[in-house]
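Encoded as structure tokens, the structure appears first; notes follow it.
To keep things simple, chains are lettered A, B, C, D, E and F as they appear, and every chain counts its residues starting from 1.
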Amino acid sequence: MSIWDYANPKKFMQTTDRLLPFVAVPAGLMLAAGLLWGFFLTPDDYRQGATVKLLYIHVPSAMMAINAWGMMLVASLVWLIRRHHVSALAAKAAAPVGLVMTLIALVTGAIWGQPMWGTWWAWDPRLTSFLILFLFYLGYIALWEAVENPDTAADLTSVLCLVGSVFALLSRYAVNFWNQGLHQGASLSLDREQNMADVFWYPLLVCLAGFVLLFLTLVLLRTRTEIRLRRLKALEARERMA
Amino acid sequence: MPLRMDRFSAPDASLAVTGLAVARAGIAVLEGVSFALSPGQALVIRGPNGIGKTTLLRTLSGLQPPLAGRIEGAAEAVAYAGHADGLKATLTVAENLSFWAAIHGSAGIGPALAAMNLTALQGRPAGSLSAGQKRRLALARMLVSGRPVWVMDEPTVSLDAGSVALFADAVRAHLARGGAAVMATHIDLGLPGAAVLDLAPFRARPPAEGGLAGRFDNGFDEAFA
Amino acid sequence: MPLRMDRFSAPDASLAVTGLAVARAGIAVLEGVSFALSPGQALVIRGPNGIGKTTLLRTLSGLQPPLAGRIEGAAEAVAYAGHADGLKATLTVAENLSFWAAIHGSAGIGPALAAMNLTALQGRPAGSLSAGQKRRLALARMLVSGRPVWVMDEPTVSLDAGSVALFADAVRAHLARGGAAVMATHIDLGLPGAAVLDLAPFRARPPAEGGLAGRFDNGFDEAFA
Amino acid sequence: MIALLARDLRLAVRAGGGFGLGLAFFLIVTALVPFGVGPEGGTLARIAPGILWVGALLACLLSLDRIFALDFEDGSLDLLATAPIPLEAVVAVKSLAHWLTTGLPLVLAAPVFGLLLNLPGPGYGALVASLAVGTPALSVIGAFGAALTVGLKRGGLLLSLLVLPLYVPTLIFGAEAVRRGAGGLDFATPLMLLAAITAGALAGLPFAAAAAIRVNLR
Amino acid sequence: MIALLARDLRLAVRAGGGFGLGLAFFLIVTALVPFGVGPEGGTLARIAPGILWVGALLACLLSLDRIFALDFEDGSLDLLATAPIPLEAVVAVKSLAHWLTTGLPLVLAAPVFGLLLNLPGPGYGALVASLAVGTPALSVIGAFGAALTVGLKRGGLLLSLLVLPLYVPTLIFGAEAVRRGAGGLDFATPLMLLAAITAGALAGLPFAAAAAIRVNLR
Amino acid sequence: MPELGKYAVEVLSAYGVTLLLLAGIVALSLRRDARVRRLLADQERRMGRVHE
């Protein structure tokens, strides 16, 4: 059986109906565990003090904000190439979740910036490219909302997602060129030992897993909603025809 | 009539449609439409408001894909004239027409202007024409398109009796040159020779009664069965 | 017909025009037009494309001032429907109509929807209607305006035969209630009782032949005499 | 009248976002300036009051042609002009709808944008106050400009050209109020002048705009 | 093709100004900024490169919806889509027409506006060069945004929202080139990057835009 | 409650905002799902497609 079978609405609804609790419950558990661990049971950093606790929300949300866009890009490509409706609807379902993740990363980053850099906002490349990502999410969602016909909307938003991805990468590069920045480099690599002590690292991993699972849960749930909505529209149309 | 009398080169003026279903906003509106049109023939499409005449004509012109069925005949052979006139208010009558002539690579606009009684108006900006004058200009565009199949949506809206006669003359000349024409209308076009296709029997049935569903619906009825 | 059967209060449905001249873009197009219309009467305006029907109707509605002559009857008594439908594509049929009902302070939109066979479409966005359905909605607006004099420019464009009959019924009911109607058209409206005014004899003459010139021209001819 | 307001608001919302889009444009303008000007906080803080006001002004400007042009194109304006409410009231209500969908969201969201441009702390009160007092004038003046250009096919840029000079006094006093506020000075005087402009515009311009529309429909 | 270009140019000119209006808007933006920011020469000189580029960008943006919306509304776009020239070419020609009526005049007039903002002497060459290289990208990217929103009733603000983030890289490299030029530094690198963006946009976006138009006409 | 020192406001507000936003998107998703479910059920019933 190929993965494309799940692009059939029937198969998708059946599978996710059974699958959803097995994603949602671990998501809640992991998230609760990670955040509580991070908040209550980790020591303060000798330089950053208690603000290091922001790590456990800032980093996972920042990563999910990027990953959500990546998922939308893949789903858009699948829609454009194979015309599987579920794929287009999944991309639509993911966008608001990605937007919220971006917002969380921006807000927690801004709050973190005040004690660390002495400013809420700086035109640092990492921050700036997140602001641009935020705009892309807004535009993508606004385009879905603005188009009446769902297939048309799927086509247009997919094209936007493709072109937008290219320009988002370009912006990232341009922004680097433009300003060297204050923000931490990537420390979440495999050779992480120089960067982060285990006391911070393990709860962060749990939080990361929690955010990933939460994202999955929400996307599955929202895709199911979108499929039903699509179904509702089709039925309304049929009723009019009759 | 001072129109070019040469026959059309390829692509030619035949159009055959079999089992065509067309959809508007993803909803099937017509299904099972079949007809064939050979050079020199005209077909008048009739049917009540909202049955799907405009949708059918747009599909024939290649502006939207059919939901099912086959259209034989190149979309490149079709010149389309819809409800909207496609005129630029700030360009003069002659400029509007010359533009379309240039796009279609046809020669002069003089004969087309004359055929639609626009010669006296040719220096006027199109925005200052009355409703019927605008429509005449939109029809003159068909003449300069040089295309063999004319597909027209309610071509005689706003035209007075004299202009309807002019239009009928132009269509007859086009047919005589080996062209073909498909026209949707509610009123008499003064073309007694034309075949008539009433769309009422082809109204799409709801999927429950065996009608076509949109592509999405196919996998879908099962999902909620 | 489930329409309100009360007669109109003031301003009343009479309209008298004497020696009217109207201009478009400063150029006189019609002159010497006179007619009188009393409650219960309908007048059909005819004339070839570009003679000035639209211009005349806009003048009657108070949208532009007459060049000369008198119009007796309040502009507030007139409900106007032009070539453009005045619909908002993103609002539903019911929302479009309710808006105009609210503006004119009329009660419900149900009877108007029913009269124009729009009840089934009332939840649809107006942008998704076919050409004829849009026109029916534009005509339903006349019913909710509650105004005694209907001035309509080619009201039956794009309508199928059934809808033309609906429209004729609505006009007849309006006349029976003591209303009046002026309609420009090129085709038969199915209103045998209506008076007909052909505008061809009133085409404005050039000033050289004694026709009216624009206001500016009057002082102007002398200046360059 | 209320029906007209409700309709215009509903149209703005249906047109895809309504409230959101004016804001989004404001956000984008204020975000673009640092890309152009460079990221140093000091320079940004110095120009923040001016840029914020210019951004608000441009966000208003961009949505101006929505006020009458759509109604003109589809024939609704003809019908509104013959309706039993005075055209002056139509203008006033439509300006109000424009302000509610464009000006008001700007007022509410302005502090966030101030952050992006490093606006100094004491400036936020002045920013919100001056925008609240000044943006109604932008909407009314814009409605007047839109009325003047309503007949002309896509008079968008002409509209900007006509309206921008009219916006200058509002801009000067508005930006001055914010600059004084940001510098910790008293900003009552420019705010009063701003209020005077708004009051004057509200009292006079609907009549001028209605006259312009009548001429354009003729 | 040439006929289409000629028509679009003629339409732009007839629409009341054409060339003039984009310029006028640019002028007004650059004139408003001193009102907002205050007149000290030092600050102005520092922000001039950025403001000039932001102004050019906004002037472009404001005229974008003219590219396809009018043709869509009056039915011409249907006719162009069925005409014997490929839709990709239509997009390319229309972008070119937009650039000729908006971008090119900006390039030619930019030095004058530099003067208004106290742009330091060595910056003028960089300003003209970067605008000449960068504005074509603005037109093509804008045409893509206009194609996406063409079916939507007055998608003006949505269009801005979609297009502005796409403009960011162009803006950064453009303003950076001018800033380096104004500081007497070498500006070849940002100019090359700008050229690369323009080339990429010209090569790819007409296809995406044509696809979007086909979808919207369906 | 851990000792947050002088950064209490920052840390607490950041956690607060995050939880608020997460709860918001979860609640919105659930509410929308329930609403669409209900509308769809109504529609299916109205069209006589009754099932369990």
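The rule we apply is simple: a residue touches a chain if its C-beta (ideal position, glycine included) is under 8 Å from a C-beta of that chain, and two chains touch if they have at least 3 such contacts.
Values in this document were obtained by computation on a predicted structure and should not be read as measured data.
Engineer: If I average the CA coordinates per chain, which chain comes out farthest from chain B?
Structural biologist: The chain lying farthest from chain B is F.
Engineer: Looking at C-alpha means, what's the farthest chain from chain E?
Structural biologist: C
Engineer: If you list every residue number at the chain D and chain E contact, are more than half found on both copies (same) or fewer than half (different)?
Structural biologist: Because over half of the interface numbers appear in both copies, chain E and chain D meet with the same residues.
Engineer: As a quick test, compute the distance in whole Å between the mean CA positions of chain D and chain E.
Structural biologist: 24
Engineer: Need the CA-centroid distance for the pair chain B / chain D, whole Å please.
Structural biologist: About 45 Å, centre to centre.
Engineer: Roughly how far is chain C from chain F, going centre to centre by Cα mean, in whole Å?
Structural biologist: Whole-Å distance between the two chain centres: 53.
Engineer: Among the residues of chain C, which ones contact at least 2 other chains?
Structural biologist: Those would be 83, 90, 127-128.
Engineer: Where in chain A do residues touch at least two different other chains?
Structural biologist: Answer for chain A, listing residues that touch two or more other chains: 135, 138, 142, 146, 148, 178, 231, 238, 240.
Engineer: For chain F, which residues are shared contacts with two or more other chains?
Structural biologist: Counting only residues that touch two or more other chains, chain F contributes 44.
Engineer: Under the touch definition given earlier, write down the residues of chain F that touch chain A in their complex.
Structural biologist: Listed in rising order, the residues are 2-8, 10-11, 13-15, 17-18, 21-22, 24-26, 28-30, 32-33, 36-37, 39-40, 43-44, 46-47.
Engineer: So in the complex, which bits of chain A are touching chain E?
Structural biologist: These residues of chain A touch chain E: 132, 135-136, 138-139, 142-143, 146-147, 152, 155-156, 159-160, 162-164, 167-168, 170-171, 173-175, 177-178.
Engineer: For a test of understanding, state which residues of chain A touch chain F in their complex under the given definition.
Structural biologist: Against chain F, the touching part of chain A is residues 35, 39-40, 44, 49-51, 53-54, 57-58, 61, 96-97, 100, 103-104, 107-108, 111-112, 114-115, 214, 218, 221-222, 224-225, 228-229, 231-232, 235-236, 238-239.
Engineer: Write out the stretch or stretches of chain D touching chain E in their complex.
Structural biologist: Within the complex, chain D touches chain E at residues 15-17, 21-22, 24-25, 28-29, 32-33, 35-38, 43, 46-47, 49-51, 53-54, 57-58, 62-63, 65-66, 70, 73, 152-158, 160-161, 164-165, 167-168, 171-172, 175, 179.
Engineer: Which part of chain D faces chain A closely enough to touch in the complex?
Structural biologist: Within the complex, chain D contacts chain A at residues 15-17, 20-21, 24, 27-28, 31, 34-35, 38-39, 41, 44, 115-116, 118.
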